[in-house]
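Let me begin by presenting the structure, written as structure tokens, before commenting on it.
Chains here go by letter, A, B and C, matching the order in which they are written, and residues are numbered from 1 within each.
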Amino acid sequence: MMKTVTEIAGLVQGQVVGDGSRTVHDVAPLDHADSGHVVYIDAPHRIKGWVNSRATALLVQGHLVDQLPDDGRPRIIVTHPQEAFVRLMLHFRPPRARANVGISPHAFISPSARIGEGTNIHPGVCIGDNVEIAAGCDIHPFAVIGVDCTIGAGCVLHPHVVLYPDTVLGRGVILHAGAVIGADGFGYRFDGQQFRRLPHTGRAVIGDEVEIGALATVDRAMVGETVVGDGTKIDNLVMIAHNCRVGRHNVFASQVGLAGSVQTGDYTRFAGQVGVADHVKIGNRCSLGAKAGLHDDVPDGQSYHGYPAGPELEQIKVHLAARRLPEMRTQFKEMQARLAELELQLAALLAIANAESHDGVVPAPNATAARQAA
Amino acid sequence: MMKTVTEIAGLVQGQVVGDGSRTVHDVAPLDHADSGHVVYIDAPHRIKGWVNSRATALLVQGHLVDQLPDDGRPRIIVTHPQEAFVRLMLHFRPPRARANVGISPHAFISPSARIGEGTNIHPGVCIGDNVEIAAGCDIHPFAVIGVDCTIGAGCVLHPHVVLYPDTVLGRGVILHAGAVIGADGFGYRFDGQQFRRLPHTGRAVIGDEVEIGALATVDRAMVGETVVGDGTKIDNLVMIAHNCRVGRHNVFASQVGLAGSVQTGDYTRFAGQVGVADHVKIGNRCSLGAKAGLHDDVPDGQSYHGYPAGPELEQIKVHLAARRLPEMRTQFKEMQARLAELELQLAALLAIANAESHDGVVPAPNATAARQAA
Amino acid sequence: MMKTVTEIAGLVQGQVVGDGSRTVHDVAPLDHADSGHVVYIDAPHRIKGWVNSRATALLVQGHLVDQLPDDGRPRIIVTHPQEAFVRLMLHFRPPRARANVGISPHAFISPSARIGEGTNIHPGVCIGDNVEIAAGCDIHPFAVIGVDCTIGAGCVLHPHVVLYPDTVLGRGVILHAGAVIGADGFGYRFDGQQFRRLPHTGRAVIGDEVEIGALATVDRAMVGETVVGDGTKIDNLVMIAHNCRVGRHNVFASQVGLAGSVQTGDYTRFAGQVGVADHVKIGNRCSLGAKAGLHDDVPDGQSYHGYPAGPELEQIKVHLAARRLPEMRTQFKEMQARLAELELQLAALLAIANAESHDGVVPAPNATAARQAA
């Protein structure tokens, strides 16, 4: 699908600078673009990438366009380059139409389950007793939905998703392949000989518009609920343990782990591989750095880093000081030697001074030594 | 199901203090309890939680009951509050009866497989040649059991569990959704150009009463066995590599990783996200702190923390000292300045002293400086 | 299957030292060998293991054989003990013949899919529209292959593998149970209120002879491709995010996580639980230590360790210095005390000296104090 630059500028309400008659046929990331591609930049440090790229046209903000060398390639001025890029991406690569498979005869569906209009149930899906699935959902092959689960409208369960019994999904939830929601929490009582399972009669409740990545797990509560708040996005291989209460619009990068009963506020972000100890409370709009290990509560709005985690600035100072530790140790030993030498010399001087003054009023260089000498 | 406090006290052999005629209908966690709920506390620092809670009744030990303000709410004195709580939880929320589905006609079962009495085989289960499954097991949808596997009595395989060929499960093993047991170990030989697979002809052997979390993996041995000892409990997303030999009654929190050939004793506990390098030996009754990274053996009974991990007390001291490093660096630079100044002053004093004594017996303040001056 | 030592030496072109008439029936790892087993050693520090083992025979290099005590057990001198061991392992434990199941009538296969000769499609496999699968593949139960995927010759997809639409696998790729390739990347645009999904119209491309472990994930690109280069080996539970470009013959141990758009060269190795921040570039033949956390680029050939990661030698020095920090703090405080005492004494001496010289030429002990006094 060939388009002129002027045509695509029209699609994104952009203003062409340069030759609008050039043609493009796709979008591409800046690093891997070729002739015929449209790319975008949204920061000055990306300009070099554009200059080195073979892309045909650029989406760019007005305030950056003057900083570009004029190499004859057309530029399209837009307010939000990434948004415009996404619009063109969907233009050149329209999403596949949603398959309309209806309810597969090869699914295993309890007679007591209720399934809403327009919901697709693919082959091999298992749906237990009393399950309710609202309208417009896509339940992909081999998803297993336990008894008494409830699924809101417009949810997508990718292949092999497992919902243990009693799980609740809000509207518009997306669960990627292999995600497991509502498994028994990891709770045992040690009887002196062995670990006895604590029954888990609570459930997992996933809010509206939540997205959970492939092979992530959210365990059910022992009693009560494990909650993931509306709008929260969770990446692959994340672990949310029993009785956690995650706020709304949180973001969890891959491989984060929350131990039991952790609470988070709204708009809090976890970078990759963060770990949080049980019962820790994290506030609103916090930011946890990659690999941070949290044992203590984090107040609203704080950025915590490191292991054990602390406030970002403090951690940076500690880290910088730690990197200079070997050098400091060397200087430290040298200082010890110089100090010892000074003490010797001062002792010698004092001996002379005392000998001259004949009254010993000057204290000895080392109080202990002086006391011992007395 | 409404019960009076006196009635539920009877269920747990407890003694009512206060008004036993109040009614309750469920248990709840302390933080989220409401009117009509029973809660429990088992430590003085939970008292505040009870005071602030709207729960109707409390399970509590005798020695704590006197520390509670009398707000008119009934308390039930019991020896083990958590145990009593679990009993009431199961009373108010009786576990679902085990489904009796028999052997699904939609399962794929080799004619040479043997399946014990009372074992449920759900739809979509695949069972390979020569598999033996003992009595009373639940094999949930889409579990795949490779050839020559052996499964003891009373095991539960949740949906999508995969047992590679030759895997052995003891009695009463619970494998949560998506767990993969017996996959080929990660072993290669580098031939100078590429990595060549080392065949893995060993197997994975899981002991009695082991529980393994959702999406956890235990790889088979190259030769011999990867072993998980009786009674060990493993949380979600844990990795146990080839040829590990995990002892009995170990506990692995989520996202722990053991590299190849790690050995552990009995009753050893791993907090979340711990990593252990290959061939490390960890003793009995050890405790490994969250995110610890182990490269060296750990003797019996030790608590190790940190990365690289060391004994807990040592690590705490190092950590506390590290947090004060930036301040120490400031003081250090100030000390360097003071020391330099002392050296200058002493040199001046020595010059005077030597001039007065005319014989230069006092050594110069800095041997190097003296040599340069000479 | 009993063999004499002389017979098995013939199988590996080895030379027997000692009694070649002894019989063996299996290989075993050194630590768990018993009578009748062949073991191998390939380094001097393994000699003790051989001495303590009850194995019947040993594969060993010529240069090590003289260091062994002669306890009467036969040794077989070979050039590559591990290779010889693997050959004997496959002799005593021949791999199962590849099952020839053809195309299961219980698979769900789009009429537009094309499947090569000799490819096995097990029950429950789902294959979408326009999928192409080359010859000689094994597609195990419940693998789900989305529309427009392409799979090269000789690939093995273990149970429950999921390929999202558009995924490309080269020749000889092995995907272990539950691996998920091509899921949507974790990319959102925050609109001030909530996180909006960025559509992911790119794909994931897996090179020839790649092996990916159980429950590992490789996400698709937003635009363009997420690439895993030829010959790269990836262990269980690893995360490769959208738009990463992994080079050839890399090795990823378990639980490593790469954030978006990371690039790696060839022959680079990641130890367990390493995390790499987005857009980081890692060179050829690098080595990243266990649990390393990378925020900056790594030049060719470097070994990086620690968190935040740095060059190995630097990190070792920092670590050793950090372990001595508590001791250094103690010495530091003692030095502060000694320095303060020296200052006092010197002040006293100076007072005397100045009094004697009557002209105050000697500077005061603290320059600032002196200037203030002036």
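The working rule: a residue touches a chain if its C-beta (ideal position, glycine included) is under 8 Å from a C-beta of that chain, and two chains touch if they have at least 3 such contacts.
This is a predicted model, so every value here is computed, not measured.
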Degree value of the rotation bringing subunit A onto subunit B, based on Cα positions, nearest 5: 120
Interface residue identity across copies subunit B, subunit C - same or different by half: different
Computed distance of Cα centres, subunit C from subunit B, in Å: 23
Multi-chain contact sites of subunit B, meaning residues that touch two or more partners: 124, 142, 160, 178, 215, 237, 255, 273, 291, 307, 322, 325, 328, 332, 335, 339, 342, 346, 349
Subunit A-facing residues of subunit C, complex: 108, 124, 126, 142, 144, 147, 160, 162, 164-165, 178, 180, 183-184, 186, 188-189, 193-195, 197-199, 201, 215, 217, 219, 221-225, 237, 239, 241, 243, 255, 257, 259, 273, 275, 277, 291, 293, 295, 307-308, 310, 314, 317-318, 320-322, 324-325, 328, 331-332, 335, 338-339, 341-342, 344-346, 348-349, 352
Touching residues (chain side subunit B, partner subunit A) in the complex: 27-29, 31-32, 82-83, 86, 89-90, 93, 95-96, 106, 122-124, 140-142, 158-160, 176-178, 209, 211, 213-215, 231, 233, 235-237, 249, 251, 253-255, 271-273, 290-291, 307, 319, 322-323, 325-326, 328-329, 332, 335-336, 339, 342-343, 346, 349-350, 353, 357, 362-367
